[in-house]
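In the two complexes that follow, chain A is the common piece, with chain B as its partner first and chain C second.
For the complex of A and B:
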């Protein structure tokens, strides 16, 4: 039997709950306010500390010859000020080069920051490991690449991401293989960061990429094709052509077509044209039509002109845009198509207007 | 004294450039954005302007174009400072009459050499 609950108990409970909720809300609001105030105070304190030593840093970076007095002043800065100044110093590395950069690296070495970072990559705190990786990527030097490569296998995703970025910044060819293997591992490294890093490394990244073109995993092969396009090595065009021709995965073929467009190798034009055939998957046809525009080959013009009349809207639209990119033959073909009637004429007119607008935007003040 | 107008929204770059130019004997005017740089150029008529490409309110390219469009400021030589990723902007900069460009990360010493060279060319 369910015992009846008196209305007065209900009311009391409700009041207690409301008071508790109000107390929690007030406490939360206070915590937020105090937190914000504390952040403002620490930011202001940090800014004051930085301001006290920053003029010397600027003098060190901009000075004609490394002024020993300035260097000694910075080396003698108290630890609290240096903790505030160190991020500003590291940021300088990305803004200057030559003697100015050498002077900053020298300062970081004398302050022990580089040595601390070398030790920091082994620390338990993920924040310290990430910060150390960032500093090592900015400074470079012997042993740096090896330490950063080790961090590619870190248990923390953020640390792995910072390590990839740092390796891209160093652009040391020694790290190319490790970065490519990063695409193959489970869980993989952040794909877009690896791509950017490989792009920064350039042609030195090609051999490990070529070694991975036969991997069983479709996604890995697709990423390898994409990376080859980003690296831009013309010599890899035949490999990409084979991927485009015979790979069983549409994704791989699609990225190979895009890569060929990016590389701009004339040897690939016929195969990219073949990929626009109506027998091919739609996504591949669209990408191949786009790649033909990027290739800029005149012999692709009649093919693209035919595709502007394709019954599939997206194929026709992309083909028209690609024709607009091939000057002067593509634009002439578009102009002829625009004078006719039907959907091809509409696509051609739209592409011409878009191309003109783009040209105008480049010359007219926004 | 030769006056150089320096415009960059990055305080580190700005301070380094200003220090280096002052150390080399130039009188330096400083702006933190494009619109201020343009106003300062019209008021003070500097001998040369060093403009960052990516700035708030008005880009370095816009400032360059405005300088070239007005008769009074058309002859002020312009050096553009650009990130490597924006090097395609340099083409647009030359179209609008920029005299030289420098990519970031930059060498302060090289910047002064470029300023000297552009000034020498413009005075010939």
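For the complex of A and C:
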């Protein structure tokens, strides 16, 4: 045995360390237990408060006529109960229509929720701003669009996203220009949300979109093309055809082809057919082949039938699927191909089987 | 100075080194947990207006192909597929890849879904091992494809699924996983929020042992009955949920669990899919993604989504768990060796400068240091070279900090997702937070060390596999399934040399 050479640890230090550690561990264990207790208590209290007023709320949305007694009861519930009930009420807004919706909006207005939301969009807290935007999008009303448009420039991405969704729900044509500008700004708004909102707004979104088709940024032009397709404005097909023909960006041409397929404009068939040429980029060829199926033009059938024999898998696969969508000529061409041998036959067989399954799916999906 | 003095000095220095290492290791974890707390706070606050309903109706929401590789999963496959088919998403398909099962995996699927063979041309976009023998689909309106192929391993089965997938996003899930109903919408959401940059997202994996499952849904979550599984519940919580959330906040997430990960199909194809020769194929894929993206100067993100959850059975026997941890450790070593050029390399951003060095120092080498420290302490005490007070301090710091870390994880869970609602579950979790640091941790260190040795020795990789006996269902989904029923026996390892 040798004498210890390790730095001798002071006994007092050891005791202090042990006590500190014990205190920390106990504190953490207590935090877990207190957290559980607190959550249970608050959940139970919230459930109790909601349960006390929910029957009136259900009565309000279920009643054929607005029952003034029910409304007055809900207007008169104490602030604590309303705080618990308000999220339930707001959630109900998305599930009801017509008179029931009007009744719920009226209740929210009388309880001051809408007014609070109008003030809330100016608050420092991003959570409050987002929550307020969400409520304003659900209730609508005078001045709401302007407040939400202002939030498109919010410093917080989440708030901006909620504002876009809210504007989409309102589908107010007044917001179209601001939403299109949202695609152009840096950093931009979430594109897919903006495009979904523009789709909900509909034809009123077309003028600001057309004003942005010649922006220098490839991505912006691509999104504009996509949005035009989603809006479904047939009159914009010539613009999209030009984009498909001459734009230097493959992404823009690809989205223009997809948009033309969505719109279903017969004027574009020849240009979409041209985009399937072997000289074109692969992604564009695949998208154009898909668009031809959506367009459903009979004169695309021979082109698609040729493409089913393309050596590139995804071109052949997409062309076969598109043929299956063109009835009856496309299906007839597929049937002829399926009877032959080689990869074209296998693609044709697959497409015929998939088309049957797809038809079945369409009958059960909403 | 005698030789004994020199040995003693070395032992003492080693002990101080190990002590400092433990402090640094646990402090790193604490830092990751704090980052995770910030992420959770943001996630929970946005939950009321997350916009899942809009995502469901948005025509631009990207379609998802859910790929489920299955090898001898007869007991749970029907319930798992039913659960996948019931997920909320506007456009998705389920691709089951039966990787040469020798049990009734395919037969139960065929009987339940009325599968028929269909013609299918499958591209070879990513490499696979083992030829496809047939492709089946139900004649009814169900978006399901079942691919039968020769046994080629999990990575190869996943690659086959990628080839078969027709949607732009590919979700890889284990055949024994159950997903929460909104799980697909949630993990796909970052792709919509930031479509130009997000290339992959990872979801949380939690233990489902002994919880009640009805129609493929976890309806009542309980702590497992065995202490081994209970320990893994806390371990998964600390290391997977909190650790990965922390890395995601640093844009340095390098592990997306193979049990629940979503990838852009085009990027998977460009990078060659999963490596069929690596054990830790899920981690290898993500590290390779980071490497490829940086090498091609593409700014991209891999995002971790803390909720909803994929539920999976965790091993309930030491033998199975030991094999699993050996495999993980060997896989990690192989991934780090393969991508050693990235370690500490600023060209790879936070992945190169933070995540990979962390994995080398605190994951790969942790069992070496931990066991070395234990041995050094014991030898030091036996030789009388180490002061007993130092030994106690060492023990307190190593054990106490570990317990504190687990308790912090429980606190975070309690104030954020609080999935386990019962007081008994909470009491069990508190006990586990302490006992996992005594015995379990050291045991896993031994297994991980063996995995590291396996990696150093090389040789053929041996796959361990749990034999599933089914979820603890209140009732079977869609009629009786052979072998389904409550989990009553721990899984057994069936060596599956691939």
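One rule holds for everything that comes next: the second predicted complex is superposed on the first by the 320 of 366 C-alpha atoms of A that agree within 3 Å, B and C clash if a C-alpha of one lies under 4 Å from a C-alpha of the other, contacts with A are read in each partner's own complex, and residues count from 1 in each chain.
As a convention for this text, contacts are C-beta pairs under 8 Å (C-beta built on N, C-alpha and C of every residue); 3 or more make two chains touch, one makes a residue touch a chain.
From a predicted model like this one, the values you see are computed outputs, not experimental measurements.
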| item | value |
| --- | --- |
| Touching partner for A:131 - first (chain B), second (chain C), both, neither | second |
| Contacts of A:214 with chain B and chain C, given as first, second, both or neither | neither |
| Which superposed partner A:39 touches (first chain B, second chain C, both, neither) | second |
| First (chain B), second (chain C), both or neither touched by A:94 | both |
| A:58 touches, of chain B and chain C: first, second, both or neither? | first |
| Chain C versus chain B, contacts on chain A by residue | C |
| Contacts of A:193 with chain B and chain C, given as first, second, both or neither | second |
| Doubly contacted chain A residues - partners chain C and chain B | 94, 365 |
| Complex contact set, residues of chain B against chain A | 10, 12-13, 15-17, 19-20, 23, 62, 65, 92, 104-110 |
| In the complex, chain A residues that touch chain C | 1-11, 13-14, 17-18, 21, 24-25, 28-29, 31-33, 35-36, 39, 87, 94, 127, 130-131, 133-134, 157-158, 161-162, 165, 168, 190-193, 195-196, 199, 219, 226, 230, 313-314, 316-317, 343, 346-347, 349-350, 353, 357, 360-361, 363-365 |
| Contacting residues of chain C [partner chain A, same complex] | 4-5, 8-9, 12, 15-16, 42, 45-46, 48-49, 51, 53-54, 57-61, 118-121, 123, 125, 137, 139-141, 143, 166, 192-196, 380, 383-387, 389-390, 392-393, 396-397, 400, 403-404, 407-408, 410-411, 414-415, 418, 423, 426, 429-430 |
| Chain A to chain B touching residues, read off their complex | 54, 58-59, 61-64, 88, 91-101, 362, 365 |
